[in-house]
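So, here come the structures, one by one.
The two complexes that follow have subunit A in common; it is paired with subunit B in the first and with subunit C in the second.
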Partner chain A sequence: MNDMRLTERAVTEKAKMSARKVQVYYGSNHALKDVDVDILDKTVTAFIGPSGCGKSTFLRCLNRMNDTVASARVEGKIEMDGHDIYDTRVDPVQLRAKVGMVFQKPNPFPKSIYDNVAYGPKIHGLTRSKAELDEVVETSLRKAALWNEVKDRLNAPGTGLSGGQQQRLCIARAVATGPEVLLMDEPCSALDPIATAQVEELIDELRSQFSVVIVTHSMQQAARVSQRTAFFHLGYLVEYGETGTIFTNPSDPRTESYITGRIG
Partner chain B sequence: MTDVIAGAVPAAKSLIEPDARTRARNAAERRFRMMGIAAILIGLLALVTLLASVLGNGLSAFRQTYIEMAIPLDAAVLDKAGDRDPEKLAKVTTLGYGKLIEASLEQMLADRGVDTKGQTAKQLMGLLSKEAASDLRQMVLAKPDLIGTTVTFPALANGRVDGFFKGRVTMESAARDSNISPEQLEVAVLMKEAGVIKTSVNWAFLTNPDASELRPESAGLGVAILGSAYMMVIVLVLSLPIGVAASIYLEELAPKNRWTDIIEINIANLAAVPSIVFGILALALFINFLGLPQSAPVVGGLVLTLMTLPTIIIATRASLKAVPPSIRDAALGVGASKMQSIFHHVLPLAMPGILTGTILGLARALGESAPLLLIGMVAFVKDYPSSPPEGFFDPASALPVQVYSWTQRADPAFAERASGAIIVLLVFLMTMNALAIVLRRRFERRW
Partner chain C sequence: MVTTHILSAFDRDLEAVQAHVMRMGGLVEAALLDAAEALDNRDEELALRVRNGDRAIDALELEIQTECARLIALRAPAASDLRTVLTVMRIAAALERAGDYAKNLAKRTAVLSQMQPLEGATGSVKRMARAVVVLLKDALDAYIARDAVSAEDVRRRDHDVDQMYNALFRELLTHMLEDPRNITAAMHLHFIAKNIERVGDHATGIAEQVIYLVTGAMPSDERPKAEVVQGAGGRG
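What follows is the complex of A and B.
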């Protein structure tokens, strides 16, 4: 299997989210400068770049998780389906149901597997009956390719699963609220290669239903799973385009240096 | 470069033979280990001394000497009208009952053939507690059907007689004592041999109210335990919700700025304020300004709440901080609101720590005496407070204050009672600490 194999690039050109002139400040530190990105619908977009380049910061702008950081300040415009998500009328709670998130370290709630997945639908009132909720839990676990492994022990604690299973449980939890965009912040960095392969396969399947944005340190991973790639460096978006083009024919010398391993 | 480094490294040494530096290091480690063990031994010694002294002095408070006698409750004396009307029954004073007891005592001693050594009836009555007649009267008033029958009545022995059988009073001390004479004690010894004087478990110590200077044998902790319990209820009901709400706001919701810093420092300072200062505050605010009654559990509960709050807030904030931020992220990430993430995820995980902190705070409040002295809970209270909520406003005592006031009394019998009260207090405190440990184990969850 060729690690640098480039996945099929059949992408729609419809932008699901678009960011224009986004600036992020942490106190007096200007962490993200003039970022313009269009996240396409039903596409996997990868953010790559060296540590501290702002890719996770930008990811957290997309579902307003930066609101929870007291010193963070976001300027510019980020739209989802033409609506500004930083509009004062937008409730970040509703936004986060539409823009799900999976974190670097698997963080299931210390509750049962069932309760982990059912939590989102419950608080958003997405189901009317127990049967409906059961169905949502099952479909979500199936989408996260975890159903067959846990169907007999839905009442077992989610924290008792293996690392890879926990991460897929977190994906199932995010999928359960019916998101339109799924943000993944280095979802495989705490996983072994086999679990990584499973999650990557899963990402490719999820693409048929919604946009996936993934932050990764592994360029091979970006090449394997994404159709679009954005390269961040020192708070700037250096280059953004088709994954194939970025990896084989980058236009910016910094991108080339990073991909070939000269900076990072 | 390499030469310089090589020059700094000392010549190779034997692996078997430790060099001087290693020996010194090991010796330092051994010394520290010894000091640690010595420190622990000193602590243990202090604990053992404390327990030995308290148990040695106080355990005898849980045994009590009684003089058992059969008393015919003559209807002609107690109920002249013969209609068992409680109001008329109450007209017979303790004097009347005293005469009954006196007659029964003489009768019984004669029956059992106990040599009274020429003691007068009055001197024989001196073996009994002054409380005995009152106890008998209470018993009859509570159950008028007894009139006309003969009851077996365990009369409290006088504190000196009780002390004599516990070894506190000797013939020599009795010779100098105006309350008891060696001759009386000799009769008591004969009565013991005849099986008239018995020693049994003193449940009355836990249920009786306080008694006056001359009747240590009937003094008990009933009012103090009730008062302490009432105060603990008030402290728990007020300080847990207020403390947890304040902690959640400060830890999870409040902006981090100069004002919250100032509040934080002040809470830490408040935890270190001497408790007597809280007593002065309570006296000025609750009693003088708000006009709440003195000696009332409600005031005691309020001042102990003020004292417990900082402890609970600090413990709660520490356990909220200990919940990993990834749990908050996870909840917010699926679209939970701040409130939902706190109440569904963070608070349950912090619960063991909060409960432990609360119980330890309560335990500290239970043992606190200084602020209670200032609000008048040191008063002599003979009547039980009524049941809550009115009872919160009735005068009551508290366990640590009862210890304090008993140690002030002249009769050595009260020193024994004070040690007994300390044992009761320690048992309550240990129970609460054990409960804290059990709760922490029970609710502890791994993540």
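What follows is the complex of A and C.
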């Protein structure tokens, strides 16, 4: 009983993704400079920093979402399990099944709840039969803590759910392809406090299965859900470390200023 | 603590830090009883164990304070959660002091066991230590049960410990008046008695924290105090 907190804090030191000397340019704008970071396996990592600091840009490098931005250019090396994800042989669509993403605003497809979750497994050919697909849909909805609320109306449109439920539906959709890393870009900023708490609890549960990387404007959210925190400022990764240390005794004065509300 | 938080990790954090406080309470209670036993039996080995054991109590206090700082920084506790964290910090500090008194008792035991024993005095000290440990235990039980009524009872019962102290004070004074060669031992025993009496005050302090935790306000009434003996001065 006494070691409960210690278990809580214990994370693996095994890196799931590692970035070295990552630079991102949008045209002539050097948006991200020399970012080195290891995203640990089965750990929640939070990226914090003021607007325009590069945290979302970096998040989008991790599943090559920046490929879709014409003016963006990414340099440096990002590896997942030792394999370069920017290798020309890597199919970005396959990569994104492994490195899923959830966005700021819940964006369910204008389809049924069932089809929203089934979509990924279908296009990636992950299931062979209807029964298998049903099972993936149910497990994914359970993992997203949504099953009990929607099991009787799987054919209802996903857009008819409440905001918090829609966001959990999007998480179920991302979970359905069996990701190894889940990226979340401000997943709670459109949600009320209770729905936020539910999503945060969900993030804490998902951590037992894969890594979660979350970009958040709420420092309290970063403090609550993550085990590792990275602070970005003006395109630099200023400080990266254990969340408790970052929030009680950061080593860089810029981190201290930001988390205490002195710079933004 | 009736209902659980949506974010269950918050509950685990709060429970863990309180479990640490209870463990600390157990160590302090054992240290006080062992120290009193060692004094009464002139058991220097046991006294040494109590002295060394204080390190574990201090380490636990440091850990609790660090955990609480993390909890405040990471979870931004509000209302009863905030009071829980604040009271945990104060209770840990009170227990740490009580542990120091047990250690001091054990130190004086090493000196006293080289001297002529004062008849009956160490037995009285042991009884007083037992009474104080019961008080401490009840205060911590009231804390876990969030029981302000029991806590109020602990506050009242500290009066009994004060009376035991006053009786022991008279007893020691008599020994000193009878034979000046008793003065050194009696002085040591008096410090011991005073320290145990202070542990009682810390138990009362913990009980007050329970009342604050449950009601949100510190008890405002003055706690009943036993008359101080023959100009011996008040507490502290």
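In this section, the second predicted complex is superposed on the first by the 257 of 264 C-alpha atoms of A that agree within 3 Å, B and C clash if a C-alpha of one lies under 4 Å from a C-alpha of the other, contacts with A are read in each partner's own complex, and residues count from 1 in each chain.
Keep this in mind: contacts are C-beta pairs under 8 Å (C-beta built on N, C-alpha and C of every residue); 3 or more make two chains touch, one makes a residue touch a chain.
Computed from a prediction, not measured in an experiment: that's the story for all the values here.
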{"item": "Touching partner for A:Tyr86 - first (subunit B), second (subunit C), both, neither", "value": "neither"}
{"item": "Touching partner for A:Asn107 - first (subunit B), second (subunit C), both, neither", "value": "first"}
{"item": "Partner chain in contact with A:Gln220 - subunit B first, subunit C second, else both or neither", "value": "second"}
{"item": "Which partner, subunit B or subunit C, touches more subunit A residues", "value": "B"}
{"item": "Partner chain in contact with A:Tyr25 - subunit B first, subunit C second, else both or neither", "value": "neither"}
{"item": "Partner chain in contact with A:Asp204 - subunit B first, subunit C second, else both or neither", "value": "second"}
{"item": "Subunit B versus subunit C as contact partner of A:Thr243, first or second or both or neither", "value": "second"}
{"item": "Of all residues in subunit A, those that touch subunit B in their complex", "value": "63, 65, 68, 70, 93-97, 100-103, 105, 107-110, 119-120, 123-124, 159, 170, 173-174, 176-177"}
{"item": "Touch list for subunit B against partner subunit A, complex", "value": "255-256, 324, 326-337, 340, 344-345, 349, 445-447"}
{"item": "Parts of subunit A lying in touch with subunit C, wherever the complex brings them together", "value": "1-2, 4-5, 8, 194, 197-198, 200-201, 204, 220, 223-225, 243-244, 247-248"}
{"item": "Residues of subunit C touching subunit A in the complex", "value": "5-10, 12-13, 15-17, 19-20, 23, 67, 69-70, 73-76"}
